[in-house]
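Once you scroll down, you'll see the structures, which are given as structure tokens.
Next come two complexes built around subunit A: one with subunit B, the other with subunit C.
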Partner chain A sequence: MNVVAALVAVIGMVIVVWFGVGVLKLYTLFGVLVPYAALLTFLIGLIYRMVNWAKSPVPFKITTTCGQQKSLPWIKHSRLESPANNFEVVLRMALEVLAFRSLFRNLRADLRGRKLYYGSSKWLWLGAILFHWSFFIILVRHLRLFTYPVPGPIKVLDAVDSFFHIGLPHLYMTDVAILAGLTFLILRRLVDAKVNYISHASDYFPLFLILGLISSGMLMRYFLRVDLVSVKEFVMGLATFHPKAPKGIGVIFFVHLFFISALVAYFPFSKLVHMVGVFFSPTRNLPNDNRRVRHINPWWEGVPPKFLTYCEWQEKFKEQLEQAGQPIDEDCYKEKKS
Partner chain B sequence: MYNSDKVIPGIIIFVLFVTFPIWWNHGKSVAAPEPELPKKGRCVESKEYMRSHHMQLLNVWRNEAIRQGMRIYTSSDGARFWISLQNECMKCHNNKSKFCDRCHQFAAVEPYCWNCHIPPETKKFKAPKASRLLKLFGVPPVLHGSSQAESYGHAEH
Partner chain C sequence: MALPKRDELLKDVNYDRMPSKHWMDTKPEFRPGTYCYAAEPSVVEDLGLPNPRKWQPHDEDWKLPPNWKEIVLNAIKDRMERFRSFKLFMDICVRCGACADKCHFFLGTGDPKNMPVLRAELMRSVVKGEFTRSGKIFGRLAGARPLTYDVIKEWFYYYYQCTECRRCSVFCPYGIDTAEITILAREILHEIGVNIDWILKPVRFSAFVGNHIGLQPHTIQENIEFLLDDIEEITGIRPEVPINKKGAEILFVTPSADFFADPGIYTFMGYVLLFHYLGLDWTLSTYASEGGNFGLFTSHEMMRKLHAKIYHEAERLKVKWILGGECGHMWRVVHQYEDTALGPAPKNLEVPKSPITGTVFEHAKSTKIVHICEFTADLIAHGKLNLDPSRNDHLIVTFHDSCNTSRGMGIFEEPRFILRHVCNNFYEMPENTIREKTFCCGSGSGLNTDEYMEMRMRGGFPRANAVEYVHEKYGVNRMACICAIDRAVLPTLMKYWVPEVSISGVHELVGNALVIPGEKKRTTDLRFEPLKGVEEEA
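Let's turn to the complex of A and B:
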């Protein structure tokens, strides 16, 4: 059911664009207004999410660790598993963001007959890293359509990505890699009963949306073809705020543009926001130095909480304590008298 | 806001990364290039088809001519053409820098046609310098009356 809902939503988007551009010829709406609105939603939405997270107090220092923390000088501490200062936090965070280190530890539990087995399972890590890195490289590579003159590093990236010179236009390695990664991520939710059980439409939707985005892009590059010079002229117009309604570009381009607009606008409202959220995880962005540095709960800043001493507390609940037959600390009263 | 010393630079980096195309171009829009088209004659296929598909057609031509020895192309409207980049395409589109390069530079595409082919306007051959070996045996660098000498002379004008 969840899968069908997500799939219908994505196919519906193709129909909307086909009808809007192919039949009604709404070039300005789909070519100019929708992309600008989506970009604004993306920027404002993500900044709002970041500021909102930064405003939320972290009451406890709850770093997740799985190594020896820094203590006495002769005990070797694990710098990455239990970072003791900000530098080590940055190192651990960088490895997490760039190499998905915690996913590399993924375990899988399986019943085989009547026995429960636990084993290392790197497939999720492999699928995720293929998908995310390919997506990032594809995004950076697209800058060749957004800039003039094109920066050298982007040209180099393009040349390296199409290194094998398969077909013409050359097949990009990242196109193959992202398809492989994405197929795995989709199949994982469909085939694995445990993951399938916890998957919602909001899990399938981004996967199908990105699959649609990639398919439309690959169709446009390798099969249906559009006039690249017109596309770049139009895209440059968008990037320099001199938008011109594009003409003579096939509907497949508008499908691609609508998919990326939808993805970008969907970002701040969905699980995709983990792109910035990972940096705001209190379990990962704090050093494990609880024993050296006192973490003051920000709720208490400027508003000191009212503490009760034991004697004050005993006075408050004296009746109940006596009824329950609890011993009363007589010293409290002695000190008062003297 | 807590940790604003780290969050605000983070937000600035994020915004700069997302808006890269906007500030890199300084808001200057660039007009699309206009390749110089031949005054007369027709191309093998329609203008629209050639604009979007020429690289795929050339790839098919390359494979047919070099790997299968097939030298005749029948276009979609039945006209027949000789399959050859230098002798057919470049016969009309005879200026690489004014035709091919304008769009390719704009779109940051570097086709590898010219790894093997020689564009007409760069086809200038100087007379070969006499190598030490030739000098040793007293052989003149340009052999008069040979077909080689003729082709050098031909290419110069």
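Let's turn to the complex of A and C:
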């Protein structure tokens, strides 16, 4: 049901574009207005998200410590898992964001009889890395469409990515990798009982959307060739805010453009904001230096705690204290008089 | 209802078999052994908490206030505004499932709502359903649902099936900490008077008497005298335990269970012997007589209220710094909350410095509170202790990392360093069950009550399973730990799963091994159990 809903939504998009562009010839709507609107939504949405998170304070320093604390000088502390200062926090975050450190820890628990076994389970990590890094590289590669002349580093990236010179045009390695990664992530959601059980339609939707995005891109490149010169001309127009209604470009290009627009517009309002959110995560982005550096909680600062003070307590248990021979603090009475 | 037999308990548990119904359509069954009793009205009233009344979770009608829904929604909004963690964690989970089989309660029940991701989703779905437009439009497709009476019951059931252990947070690629969500969910439930007795009673005692079980000043002293009698019988030495002594150098604060409950008392005997050996200028306080803090399991405000007495007492007694005993959640509070909640430390406190080795504990220079394992490890490293580890030769020891000190502090090496010096037989449990990946005792966060026994045995199963492994492989018969809840609950857990293994604090083993000038030849350990080799001689 969840899967079907997500799939239908994505297929529906193809139909909308095919009808809108192929039949109604709404080039300006789908080529210019939709992408601009999507970009605007993305920017405003993302800024709104970040401001909204930033508005809530971080009242406590609740680092999840995954390694030895910095304490005695002769004990080596874990700089990456229990960072003792901000520099080490940056290292920890870099490892999380670039290499998915925590996901790499993944284990799989198996119960046999009444014995538990833990196996290493790095498949999710591998799938996630393939997917994310390929996505990133593909995105950067696209800059060749937005720039003139194309910067050297992007040319190099392009050359490396198509290094094996398979087919014509040369097959990009990242295209294969992202398909492999995505397929794995989708299959996993369908096949793994636990993950299947927790999945909403909104978990399948971005996967199918990105699959559609990539498939349309690959179709365009390897099979239903579109006229790259017109595409570049059109994209440059968009990028320089002098949009020209595209001409002579196949419908498949508009499908691709619509998918990326949809993804971008959907981004800030869905779980995809994890890209930005991960940087805000207080269990990861704070040092484990709690006893060395005081962290301020804005809504408690200047608000003293209410509790049973010693003198109140002494009044209550005076008899017992005296009987047991425990000292009575005379200062309690001095203060009262003054 | 009787607790099922050891080999029966898990027979229906299968991590790969999920219910056919969507999780939003299933309801918890309040089966005895799987939930805790509600707090008595008088306790709720004394603490000034909302909606005191007689009720029980298995009742149909929970007698919530008429505007309960409004209260809960406002409470959620308030927490979102005050806690970035909460807001963020509601937004960024991708349901990758990396956390799913990391929770001991899932591993012990196979109940999908005990997967941390679903536990969080119980709240997240309501946040989406009640506060976002897309959630209202797309409903279940977006993982959203409205807040209903049944949701409240479900929250109660599952947020009291989380021990706030943070194991899930270690594995989550964004560090989403379901413990944080549980802490806040409990806080929110308190606002409509949904609570448990086992937590609020100790909270009341702590607030009005000074410690969890309401030990009054003279009772604490009497208990300690008994322990000193035992020490004298075993070692021939009677150490002094200074009480409420003004001007002492160090205030020692430990969980109150160490004064009276087996096996915590042996840990206490270890502390006392150590301090005597060192000639430390220390004092105990019968006012700040509790390091543990069940307030943490109630609300941030309550945690603060109960913990305030420690600095307050340190100021009154004019000590120089504070030494903290072996306790898990006490150290979560001391390490991650104290300075923020109650700092800056009183002016009379100084940066802690070991009077024996001269080591300055720079890492505690703001809070001025040092963990006893840090203190002792430093002593051993400087060769200041005369230790005879063979006095622990009757024990084959493993070490249980407590959740709070592991994932909310990072003290891993200090206790191990001590153990390697005070005993000859020390074996680690499997790598995936220790240190930051350690498993909870299954009874933490105030769930160590008898009516909850089945769930405790289930939740503690992954820990027990690892103990069983080292018991079979190396003959381990003792598990050391640095937590008072562990010492209170692990013996029960072991009795059920691995009866051959007993539990102790690290400093009990220190106390056994410490060779004290003027002591008599020891024939037993601090539990009056014969030392190895002694039996044969006799």
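The criterion applied here is as follows: the second predicted complex is superposed on the first by the 295 of 338 C-alpha atoms of A that agree within 3 Å, B and C clash if a C-alpha of one lies under 4 Å from a C-alpha of the other, contacts with A are read in each partner's own complex, and residues count from 1 in each chain.
Everything that follows uses one rule, which is that a residue touches a chain if its C-beta (ideal position, glycine included) is under 8 Å from a C-beta of that chain, and two chains touch if they have at least 3 such contacts.
Note that the coordinates shown come from a computational prediction; the quantities given were computed from them, not determined experimentally.
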| item | value |
| --- | --- |
| Which superposed partner A:46 touches (first subunit B, second subunit C, both, neither) | first |
| Which superposed partner A:227 touches (first subunit B, second subunit C, both, neither) | first |
| Touched partner set for A:103, first subunit B, second subunit C, both or neither | second |
| Subunit B versus subunit C as contact partner of A:65, first or second or both or neither | second |
| Partner chain in contact with A:22 - subunit B first, subunit C second, else both or neither | neither |
| Contact breadth on subunit A, by residue count: subunit C or subunit B | C |
| Subunit B versus subunit C as contact partner of A:57, first or second or both or neither | both |
| Common interface positions of subunit A, toward subunit B and toward subunit C | 54-58 |
| Subunit A-touching residues of subunit B, taken from the complex the two chains share | 1-4, 7, 10-11, 14-15, 18-22, 24-25, 27-33, 48, 51-53, 55-56, 58-59, 103, 106-110, 112 |
| Residue ranges of subunit A in contact with subunit B within the complex | 39, 42-43, 46-47, 50-51, 54-58, 143-148, 150-151, 154-155, 158-159, 165, 167-169, 225-230, 232-233, 236-237, 239-242, 248, 276, 279, 298 |
| Subunit A - residues contacting subunit C, complex | 2, 5, 49, 52-72, 74-75, 77-78, 81-82, 96, 100, 102-103, 105-111, 114-116, 118, 124, 128, 192-203, 269, 271, 273-274, 277-278, 280-284, 288-297, 299-300, 305-310, 313-314, 316-317, 320-321, 323-324, 326-327, 329, 331 |
| Subunit C residues within the subunit A interface of the complex | 6-7, 9-10, 13-19, 23, 80-88, 91-98, 100-102, 107, 112, 115, 117-118, 121, 134, 138, 140-143, 166, 169-177, 180, 207-208, 210, 216-218, 221-222, 243-246, 286-287, 300, 304-306, 308-309, 312-313, 316, 334-337, 339-344, 359, 361-367, 369, 374, 377-378, 381, 406-414, 417, 430, 432-433, 435-437, 461-462, 465-466 |
